[in-house]
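Common to both upcoming complexes is chain A, partnered first by chain B, then by chain C.
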Partner chain A sequence: MSSTALPAAVPMQAERDDALLRATRRRRVMSKIVAHGALILGVLIVAFPIWMTLVGSTHDAATIGRGDVPLLPGSHAIENYATAWNEGGGKSRTTPAALMLWNSLLMALLIAVGKITISILSAYAVVFFRFPLRMAAFWAIFITLMLPVEVRIIPTFQVIVDLSLGNTWAGLIIPLIASATATLLFRQFFLTIPDEFVEAAKIDGAGPLRFLKDVVLPLSLTNIAAMFVILFIYGWNQYLWPLLIINDRSMETIVVGLSKMIGSGDSQNEWNTIMATAVLALLPPVLVVALMQRWFVRGLTETEK
Partner chain B sequence: MQKKVIFKGKLLPLALLAPQLAVTFIFFFWPAGQAIYQSLLREDAFGFSREFVGLENFHEVLTDPSWVNAALNSLVFSGFVAGLALGLALFLAVQADKSIRGATAYRSLLIWPYAVAPAVAAVLWLFLFQPNVGMLGRWLNAMGIAWDYRLNGGQAMTLVIIAAAWKQLAYNFIFFLAGLQSIPASVLEAAAIDGARPARRFWTIIFPLLSPTTFFLLVVNLTYAFFDTFGIIHSLTNGGPAKATETLIYKVYVDGVQNLNLGSSSAQSVILMILVIGLTAIQFRAVEKKVHY
Partner chain C sequence: MATLSLRDVRKSFAATQVLHGIELEVADGELVVIVGASGCGKSTLLRIVAGLETATSGQVVINNRDVTELEPADRDIAMVFQNYALYPHMSVFGNMAYGLKIRGMDKAEIERRVKAAAEILGIGPLLERKPKQLSGGQRQRVAMGRAIVREPALFLFDEPLSNLDAKLRVQMRAEIRRLQRRLGVTSLFVTHDQVEAMTLGDRLVVMNAGRAAQVAPPMEIFERPADTYVAGFIGSPAMNFIPAVLEDGGASAKLEDGSSIRFADGPRPGPAGRRLTLGLRPEHVEPTNGDGSIPLTVELIEPLGSETVVHGRAAGGMPIVTRLQGAFSGQSLSVHLSPKHLHVFDAETGRRLDS
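Take a look at the complex of A and B:
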């Protein structure tokens, strides 16, 4: 009797396991479908404004002015970009995008390089030397974290006026190049450099500047790359400070220039050339993030520690 | 933390520190001191006369209905921006953390809006929601909703919130994903073996373990919404209509640069500095917690 009952029970158990396995597998597949669906939707939401801007930059002003912006690109791309590049976008055609892009590039590079340079120098001094007021100097730098340019905007502007640095590159860049975050990051990294390296350098008769150039800088390259991506974007995207400091049209940066083209958001605007300028304004920092993604993510998560 | 082996010398380190300290003193401490000093003075717009008025400027600012309005706008704005950007980013990060095909491609496609300037983000969204030209603005009007953010304060606020949250999404996503990836797989497997379903695993294990990241991001998002969104508001609405989108930082700009009311503007700056110092202090405590757990 038992010999007939057992073979029947075993398939039943196996069947149940099988059903359970199938349910789990189905749940997993469902979970993956949900994930893909949500992520595709997320990507679409993120990309939609950019896509419509790209589309807007390829139609003529009349099509957009009528309010019939199609979902697909049109045939006026070359002339729109040429106009924006050579003459400027919008109705008033103030500053050509080529010049504004150059100004933005200069500003972003000078801010990024300046911040990295003075941060490395000061972090190096704080880590590898002992001198009076060392910690006071460190705290003085550290506390600037709490004074973003937005909250001290009017008095800082007055300082610039007193030093007659308005409308100059120095006035635009120097107030923005002190960086507590970069100094903290480099200090943190320098502390991890083994003492033996310093001892070896001393035995070899290398001085502190030689050690900085031949040992510390090569070791810091990935950190410098990570900082560069973050700071380049920071510099490129500056808005309030250039808006206050620069009145000279020939020094206009593209982010501020673009915003000025819109005016009050009038429908009679030349939206096609404005959208072409917008694409030009967002392309360089987006390319930097896309091409240096590894350093970007690293720089972002490291600096916040 | 200190190094044991160091270089000798007193002048060289001071020379190395000089550029950073010079910039810090001239462009940070001097203006901050000026702001505090001016916040205690009353000055006419041309700088001909000034008198010491103590805390009167602060009293005036804090009881000024338009400052209270700006403070409330800032709260609504930053609350919604932080809520929206954090919620969506967490949801997307959880999806991207699953072992699915193309996870890295999704990640790359989601993080690049970080690079878009706030003012440019404003232009992109304006082009969508402009009532006569913008695709979504026209669609809303066709649906019978009288959409014009230039006339309707609530709609203007909605638009600046969308643009600001859109830009911040990428940043939050990167941090949430990094946080999720640092949760040990063994913990989640143990829960799965014990029969915990995905939703339960999320709320009882993942979410509590992520809370240091979430808290840190909340502070960063509030700071962003308070201080870094000037470009969005200035490009999209100019604080209007009828000051419906005027935030605290925007009001400092309007009172100081346009109305040339230095005493009031400085007092507002000092209040904002206190706010930043508070937020930064909270942020550092959060980071310490993150390191210790």
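Take a look at the complex of A and C:
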């Protein structure tokens, strides 16, 4: 009896297993579709404006001027980019993008390097030295975090103009170099350096600057790389301060220059050139992130402590 | 080679005094171990010798030169740290050479010294590696190598073995001892481990609450502890302490249970009724069935292989630990307190009372 019942039970069991398996597969596929759907939607939202800019930079001025918004690239890419690069955009043929890119690059590099230098030195002083009013100095730096650049921009402007530094690189860069954020981050990192390193260095006879150069800086390399990326982009995107302090169009940065290309409405904007300039303005930060990211991921995986 | 003298070294952190006048003379080539529980001031003392802390008062004299005011680098010392403090971004060679490089020694000489030290320590093949690629024992050797290449007047060791596992610790302990003998460098070694202290030191400084409770060779400390703290700290399991009072004439003591124990090595000074603490090491609490034995209730048995530690309690509730040869099992045990090995301390001051 039982021998006849058993063979019947086995296929039933198999069938049930099969159904379970299919349901599991279906669920997996569904969850993949949902996940990918959400991701694709996100990417579309973020990437669409950039796509529009890219496409816009490849049509002639008339196409965009008519109000058509093409979704596919046109055939005027090379001439648009050449115009932007060599002559600038807008009716008045403003500063060429090549010069503005150079100006922006110089400003962003000097700001990033300056900020890193100053904040490493001040964090080093606050962490490794005992001097009167040490914590007062630290808090004084710290509370400037709460003041955005815009709040102190009028007095800063006054100071810089009084020093006759308007329209100079020094006037453009020096006020942007102090950095509470970077000081704070380096301080936090320096605090994780064991006291024994300091003591071993003292016994080895390394003075403070030697210790900074031989031990602290090599250990901070990955942090410096990360800060460089952040600060370079911060510098690159500066708008209000360069707009105020620089009138000389040959010193114009690309972010400011880009906004100046867009006219007030009396005349036709050359959107194709403007968008080509915008794409050019995007490239250096993207490049810095792409190159440095690889570098600091390597640094993070090879953590030294 | 060098000598070290500490003269009335005191240290306070704000209102808290952590060192109460330490006096110490270390002879040329001697290895002195500073041992004590956490917070007794032993590390602070070492750091004062190194120059990493400044003494509130007192003098540190290395090789007849007062170095109290000097920077660590100018004291002609080398230090091995508890966590080795190897610079993680430098190779083993770089770590060992760093101090010499700063002193402006020429490259060939640095190379010669590092190679020689690496040879002694058996880390020759590791010179190009980074510290993170080394095992604990290898890092320990590099840390010592960094000290050796300096050819200093004085070695300072700050609990250098406490980050190693038990087996490696025993091995490195012997190695440090051999190396120190071979190089003949005067050394100061801080540890909280009494076994390390006993096996390594030519002399021990047992510290208690910022004072040197006793400075003596290891066996003298073991056999004639200066006070109850030293007696209880050195030796494992710890010494038994039994309250008693001095009997008339000072030749014997009366225990709490009324029984009397006669001092084997002569009478102690003081009036009858003077309160005493008798100390007896567990190995000198002998099992017996004879007269005057103390019956114990066994509370805990710790077999150690060749011997067994038995924790018992006497009738009055007084705990007594004994160490027996071989295995032991059972609920009760009768013991005899061997008068020959009795240590007598004053109950008030804790100081040793000699006949």
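Some observations on this one:
Heads up, the rule we're going with is that the second predicted complex is superposed on the first by the 256 of 305 C-alpha atoms of A that agree within 3 Å, B and C clash if a C-alpha of one lies under 4 Å from a C-alpha of the other, contacts with A are read in each partner's own complex, and residues count from 1 in each chain.
Basically, contacts are C-beta pairs under 8 Å (C-beta built on N, C-alpha and C of every residue); 3 or more make two chains touch, one makes a residue touch a chain.
Everything numeric in this text was worked out from a predicted model, so none of it was measured.
Overlaying the two complexes via chain A leaves chain B and chain C side by side, clear of any clash. Ranked by how many residues of chain A each touches, chain B and chain C are led by B. By the document's definition of touching, both partners, chain B and chain C, reach A:199.
In the superposition on chain A, A:219 makes contact with chain C only, while chain B stays out of contact range.
In the superposition on chain A, A:178 contacts chain B only, with no contact to chain C. When the two complexes are laid on top of each other via chain A, the two nearest Cα atoms from chain B and chain C are 7 angstrom apart. The contact surfaces that chain B and chain C form on chain A in the two complexes overlap at residues 199, 202, 304-305.
For chain C in complex with chain A, the residues that touch the partner chain are 50-52, 71-74, 77-79, 81-85, 87-89, 98-99, 102-103, 132, 146. Residues 194, 196-197, 199-200, 202-206, 210, 214-215, 218-219, 304-305 of chain A touch chain C in their complex.
By the touch criterion stated above, chain A contacts chain B in their complex at residues 27, 31-32, 34-36, 38-39, 42-43, 45-50, 52-53, 56, 64-65, 67, 69, 117-119, 121-122, 124-132, 134, 137, 140-141, 144-148, 150-159, 174-175, 177-178, 183, 191, 195, 198-199, 202, 207-209, 211, 233, 236-237, 239-240, 243-244, 255-256, 258-259, 262, 264-265, 267, 269, 271, 274-275, 278, 281-282, 285-286, 288-290, 293, 296-297, 300-301, 304-305.
Residues 1, 3-7, 9-10, 12-14, 16-17, 19-21, 23-32, 34-35, 38, 88, 91-92, 95-96, 98, 100, 102, 106, 108-128, 130-135, 138, 150, 166, 169-171, 174-175, 178, 198, 216, 220, 227-228, 230-231, 234-236, 238, 249, 252-253, 256-257, 262, 265-266, 269, 272-273, 276-277, 280, 287, 291 of chain B touch chain A in their complex.
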